[in-house]
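Here it is: the structure, laid out below.
Naming follows writing order (A, B, C and D), and every chain is counted from residue 1.
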Amino acid sequence: MAEVLAFEHVSIAYDSRAGRQNILNDVSFVIGEGEALGLVGESGCGKSTVALAAMHYLPRGMSLTEGRIRVEGRDLARLSADELSRIRGNRIAMVYQDPMSSLNPVMPIGRQLMEVPLLHGETDERAAFRRAVAMLEEVRLPAAEAMMERYPHQLSGGQQQRVVIAMALMAEPALLIMDEPTTGLDVTIEAAILALVRDLRAKFGTAILFISHNLGTVARVCERIGVLYAGRLVETGSIATVFRSPVHPYTRGLLGALPRLSGGHRRGRLRPIDGTIQAADRARLGCAFAPRCSFAARRDCEERPVVMVAIDAAAQHLVRCARIDAVVAGSAVDGPPASATATNDQAPIVLSVRNLSKEYRLTSLFGGDRKGAVRAVTGVDLDARAGETLAIVGESGCGKSTLARIISGLLTATSGEVTLDGVDLAGISVDDRPPDTRRRIQMVFQNPDSTLNPSHSIAYALTRPLRLLRDLASGEAKAEVLRLLAQVRLPSEMADRMPHQLSGGQRQRVAIARALAGNPGVVVADEPVSALDVSVQAAILNLLGELLEQSQLGLVLISHDLALVRHMADWVAVMYLGRVVEYGPADQVFSPPYHPYTQALLLAAPTPDPDAPPVVVLEGSMPSPTDTILGCPFASRCPERIAGLCDTTPPPIRRFGEHRISCHLEIDAERAQPPAEAGGRTGMRSSSA
Amino acid sequence: MTEISHDLAASRLASASLVGAEAADAGPLGKVYSVVTRSPLATVGATILLTWCLLALLAPWVAPYPPNQIDVALVADPHPSAQHWLGVDHLGRDILSRLIWGARTVLTVAPIAVLGAVMLGIFLGLLSGYRGGMIDVVIMRVGDTLLAFPKIILYLIIIAKFGASAFNIIAVITLSSAPIIARIVRGVTLDIKNRDYVAAARMRGESAFFIMFVEILPNARGPLIVDFFLRLGYTTIAIGVLGFLGVGLPPPDPDWGGMVKEAYGMIFVWPHMTIIPSLAISSLVIGANFLATGLREAALDG
Amino acid sequence: MLRYSAKQLLNMALTLFAVSFLVFALNELSPGDVARKVLGPYASQSQVDYLTVQMGLDRPVLVRYAEYMGKALAGDFGDSVVFRQPVSALMFDRLGNTLLLAAISFAVIVPLSIVLGVLAGMRERGWFDRAVSVFSSMCASIPEFAMGVFLLGIFVVWLGWLPGTSPLRSDTGWSLWMQFVLPVLVVTFYDAGYLIAMVRSSMVEVMRQPYIRTALLKGMSFHGVVRRHALRNALITPFTVILLQLNYLVSGLVVVETLFAYPGFGRLMLEAALTKDIAVIEAGTLIAVSVTMLTQLFGDLGYMALDPRIRV
Amino acid sequence: APAMAQGMPKKGGIVRIGMRVQDISNPHTYSWIESANSGRQVLDYLTVTGIDNVTRPSLVQKWEATPDLKTWTLHLRRDVTWRKGRKFTADDAIWNLKRVLDDKTGSSVVGLFKGFILTEFDDGQKDAKGNPRKSVRLWDANAVQKVDDFTVKLNGQSANLSIPESLFHYPLLILSPEDGGKFGVGSDGTGAFELVEHEVGKRSVFTARKDGYWGGGPYIDRFEIIDLGDDAAAQVSALVSKQVDMIYQGAISTLPTIEKLTHIQVNSVDTGYTAVARTHPIKPFDDKRVRQALRYATDNEAVLKGALRGLGKPGEHHHVAPVHPEYADIGYLKRDVAKAKALLAEAGYPNGVDVTIDARPQPDWELLAVQIMVEQWKEAGIRTKINVMPSAQYWENWTKVPFGFTTWAHRPLGTMILGLAYRTGAAWNEANWSNAEFDKLLTEAEGYLDVEKRRAVMAKLERIMLDEGPVVVPVWRAVFNFSDKKIKGYKIHPSIYIDAKDVWIDA
């Protein structure tokens, strides 16, 4: 197998006025023809730097300080600018995370595609055009010729990503580098893109360097994986080996921190990795992970460089750990312990939502004439119970946030009821709610960057609600701030910090503390962990779990991540196009019978499992929320659509106790295919050593 | 005066960057200090501005002569000499002293005018952006009408009507700049009001004014500070231009633009009388520009 | 697009209306002024009163405003009391001269600033970028009057290469184009300094965009990327600003026109303001405001044409 | 005659002067010297006051007055023809006189003849404030009397000394009645040139009269006026680059430059032109000691040197200049700060006074003079703020501001000035000054045709002004302008009247 890309002891440093900083440290790997290597690691560990180095395109200030990078045997550092131009886009091509910003907004995509062959030897415009169209068809874009005329902003996110992939494949490169190509895409679209990459790979035999922070997606595309930590590769090997028997404590930690579809309920805690990564870790002489590692020994791990050693030469399983023996001998890697979901349908209902609808009126830019309305939420019925978690899942744009904002009063409903303590709040904006009601519903937001006001200290963020919602005097408030910080496991000195001095996870903890400050009855959390790394996410989820148990809080948790929902939820509502298509106790929703949409979601969810079955790709995308829907909202994409019925008649609600499914299909347990993990397939536990 | 377009650009640049992108380590001053020292451009700019501020502050002690002291005997040979380092003007007044005292005028009128504009602009922009609806429409409409006047024309008609005085200059600059600042602030407000921390503030029942001034405003300070210094520069030019056109600050107290105006008929023989105050104006503008550019770059670099 | 233009034009008309009333009210609330102006400082009060009545200036402001607007819509802006001429004749002649100066300056400034701005922004913080940035900031920091005075000293007094004034007459011993050199130069230094910075910063921002990286990593040469991918994007933002220069050039040339005795619109407005030539002030303001709003409209339309993302 | 002094005039050539080109269509209502300077090339006056302040015949060949100075007989020249061929007669002169004296014409000539042949009456209408309005009319139907085709009589109701001088008041241009009071390109005239082109704000072009001019000259073929705006430096720039041969009026700020230019000469003449710092009789200037203090605090020599670079004469704080025929030298008041302080203290201001003086920015020397005086006054404890208003605004308020600095144009006779500005109730008595003795003496002076008699009275008048007058007269300024040395025959007139017929070019 010919070598396509080789990193040989590559170190890359960033020079700034503050001094030199190691970004990559002694990274070595080889990708052969037709091979796919997945590179995983948490944010900032240097994944993108690896990708850019492979293109010989480093950000200003970064330079290769050691080692060599070869593409098809040629040392990139020795190529002239001309030679580089010839290789780039021709022998190596790259796909980036954000397709929108990777495409020139003012040039039709056809032109941008045609540039690739035209830059690399093709002289005939017609021929270039034909090749571009062919490639668009190859990535399964409909009406490829018409697509050529479009501007990037006229395509959906999934379509844009396909265009970017098509552009990379145009020259049939030997090496395709994909840097987080599916982050930011919906699960169903992501699944489709990943399937596409797999197919194309099989067809063109291209070597692939696939970068992701998500172990699940890597498992879908690659056969080998490399785990990067603080600029160092800590473990590589085949997917099967690494997932089944990870060796490096960091790899083990990552896998352990991940909630699984197959895993248990939150009452079995996730296992976050202790501590956080520090900037200084990159500069360590020894193991960068040592400060967080329970196996670390001073002499072995910190005082001398740790090298990669082969554990299983045949499987090319390499690990950078000085204490392999101790680690392997020590505790086994464990997923969260399974525990039954004990949904308590007797728990008192604190908040109920009845027949709730919300329309956004669209006005043209200059006011006046209406351009229709977005039906963001239509006829939703839900209950949140004390001490229980109600999870809401669904694809982007299905109305989850809108629902959350109506409950919290940041938006007012068009019709329907939101009842808290017997009072209907649906039409009352939070600004007009009585203080006590306001106190009872609090919210945790998604984005750790915008959840705290960057201009004010942590103490401010926690004091204000105490003063306003609980009327505490400033002295009392001070003490209470410390108590809240302790409750979310933050040291008291954090109080005086500014938000930018905190990590994302810490900020999210402050946000949780802030929501708790007023002793709320209901906390609405809109994607509270989706922007966080796995390990941090695990810690936050554990914290939420604990808080739930301590108090009789009703948690409304919004997420697009089914595994997370599986882990956290007592009750689940699956939303599609503003409607709840399936609702019920978590156990029942995650086991057959399913709504076809729920089923598709379960199948699309990427799982870090080498044996996961191929996904069923949903065709098309959600209809526009401005369209008028006569029948079932899912009809246009449903693989089991009954023509003439589903698209004309609203579906009936089928009830199985507390479990409701809104579907025309006669649903029975037999017909429903079990999803990947929930079906009780061999999971990691059973196969780990 | 390209101010209209300067303003437009400033607002574009400002809104393109730095919204909430920063916060203080050691209080706002420490932050400014650290940003300023990080960028060489900003350091140069700040040094120039500080020097002038110091000179202005210490004018009574550092200026070698009273600024209006006339000595007609010197008019025959006004060139720089040991007694008068920068020479004297056509009335025999010491140019160095006039420059130093003139710095006081410039450094009060320009910043007050800009501050006035900033304050009015902030208030209207916050109100417009946060409240939206009719208030927004009315404020923006009135602002647009004011902006439709080319600035110099607005200055001219108002000053022709009410006469030239420091107060009128301040008023007219405030009036013509406030709508643009209001636009910047409104843009930032529209962005920030949808941030989660504003939602959080609403959920704990903060009043609208508190949200506008405590939650939103501090996060707009990045663009506003950059804008302040850019505007300070162009206001200095504007005051100079008004002085030059003969509708500036009234004599005898020194005003740099007026100094140029008074002496430029003599540029052919006594160029120092014109060039020195011109350089003073330019240096102040350059200082403000450098500081603004440096701050912006530093903020963009994070 | 058409709808948008129509809407904007309507907006313009409303704004013009507001502006005209504001200026009218500001200037004509005290009716004695006009007659006093006509008769000069030494006329007796009885003469002034007589003329005031004769000119109908003793009627209420609103009535006079309505009459004024009626006439103005028919192109009659009244008479200049200083020049004793119909304002329209006076104004359009001056406006023509200013437009000529503006057009020439524009033709110099725009290509210059685009070329320098793009070359500088292309390689952010390279030596050329540094040099251009400093140069442009310096230029934009030197007030026009200071620049004008320096250039006058050099080219007129010291070298004697150029005429000191530009009365736009070829029979004064200097060819017409020589008379344009200094005014254009002064405007160019000041305005280009600012525009260069504008284009540069837009270019810098574009060069940081991921699609530039995409193009480079497609195998395109750096210059190819600049030409094909960066240029158009980089000019979108400055486009409006560039167009707004026209507006500045029409009404903002007061200093240059005064400096070089150029018979233009700006100088006319200054003189009108100093001599309280109300009819001229009113008409001139309306013209200046129209120019501002028209350039803004064209700017918006052009912006839409350049950037396919914006559709109305 | 002045032409002869510089050798034989040469014929031909063009002279271009930098001057504002204003509207010139109504000569009788001109309020600017510049417009009169355009009209003057085509039209003539009845008399001419020379640069020496002596008034000489023009269209009027000879005049005589009755001893009571009430009746003036004007004998017109008989050899004057209009350019379009008609003979100039008494009817022409009378038509013009009657027209300027008609209140409805709005000419400033009215002021000069008020009391003499014009009388005020209540016209039955109300002015803006509701007070009965005053108009003027000829006091008698026979006030302007045609004696024969070449003789006109002015029959006054009171004495008037300055009729010949008044006839040269700049709006009193003699138009052809056929033009109906209007003037423009192609208008008829008795003067030396014909107006062939006129664009307001740009330029005027005059060509020499082809049928010959009755009064000598013109020598040049063509005379052009080019508008260079108000900016003094721009005018100098034009002169430097030889875009014009001459500029109408020099600004003090450009003088140093001009002095360095070898091809340019400075033309200058001492005048009765001045600007006065004048007070209203309200606190603190209601006390004559304060006004005196103001005068004692002023160093006129320094003002002259600083504001006018020495061009002119130091003022003497009364409004009669050495160039006036009846000027009496009563000595020069030396600056005495101690005295000024003492006077202030006596008046009850031991700590000085704080006042504001209103001034205007043009012409530039005025603001310089104000600044210098303010500095001087400061030493005496008169702390003065300067309030600069645009000229237009100043002229709206010039009689109303309590303390202002006002330009007074040159007038040929001292009595003319005093009558205009200091007589009780005079329209231009901007100081609101009233002194019965002064009025009496002034009337007496106006009754003497004999200069020496007048001078004797004048000494008393000057003394009163020096003691208690409302004004500080810091300088008698020289007026000056600049011309290319190739221009000959040009002598600057105290009122900067330009007569192109006298100049010629010697390159």
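Throughout what follows, a contact is a pair of C-beta atoms (placed from the backbone, for glycine too) under 8 Å apart; a residue touches a chain by one contact, two chains touch by 3 or more.
Just so you know, these numbers come straight off a predicted model, no measurement behind them.
> Counting one step per pair of touching chains, how few steps separate chain A from chain D?
2
> Need the central chain here, defined by C-alpha centroid distance to the all-chain C-alpha centroid.
That would be chain B.
> Let me check something: if the centre of a chain is the mean of its CA atoms, which chain is farthest from chain C?
It is A.
> Just how far, in Å, is the C-alpha centre of chain C from the one of chain A?
Chain centroid spacing, chain A to chain C, equals 53 Å.
> Give, as an integer number of Å, the spacing between the C-alpha centres of chain D and chain C.
Distance between chain centres, rounded to whole Å: 40 Å.
> Roughly how far is chain A from chain B, going centre to centre by Cα mean, in whole Å?
47
> Indicate the whole-number Å distance between the mean C-alpha point of chain B and the mean C-alpha point of chain D.
Taking the average C-alpha coordinate of chain B and of chain D, the gap between them is 45 Å.
> For chain B, jot down the residues that touch at least 2 other chains.
160, 246-247, 264, 267-268
> Please list all residues of chain D that touch 2 or more other chains.
Residues 233, 236, 240, 390, 392-393 of chain D touch two or more partner chains.
> Where does chain A touch two or more other chains at once, residue-wise?
none
> Looking at the whole structure, which two-chain pairs count as touching?
Once each pair is checked, the touching ones are A-B, A-C, B-C, B-D, C-D.
> Residue numbers of chain A touching chain B in their complex, please.
Within the complex, chain A touches chain B at residues 17, 405, 408-410, 430-431, 435, 438, 441-443, 445-447, 450-456, 461, 464-465, 468-469, 498-501, 511, 514, 518.
> Please output the residues of chain B touching chain C within their complex, sorted ascending.
Going by the criterion above, the answer is residues 1-2, 4-6, 8-9, 12-13, 16, 144-145, 147-153, 156-161, 233, 237, 240-241, 244-247, 257, 260-261, 264, 267-268, 271, 274-275, 278-279, 281-282, 285-286, 289-290, 293.
> Sort out for me which residues of chain D touch chain B in the complex.
232-233, 236, 240, 251, 253-254, 256-257, 259-260, 302, 305-306, 309, 361-362, 364, 367-368, 370-372, 374-375, 386-390, 392-393
> Could you please specify the touching residues of chain C with respect to chain B in the complex?
Contact set of chain C toward chain B: 15, 18-19, 22-23, 26-27, 133, 137-138, 140-146, 149-150, 152-153, 157, 190-191, 194, 198, 201, 205, 237-238, 240-241, 244-245, 247-248, 250-252, 254-255, 258, 266, 269-270, 272-274, 276, 281, 284-285, 288-289, 291-293.
> Taking the touch rule as given, give the residues of chain C at its contact with chain D in the complex, in rising order.
31-33, 36-37, 39-47, 49-52, 58, 82-85, 90, 94, 152, 156-157, 160, 162-165, 167, 169, 172-174, 258-261, 263, 267-268, 271, 273-276
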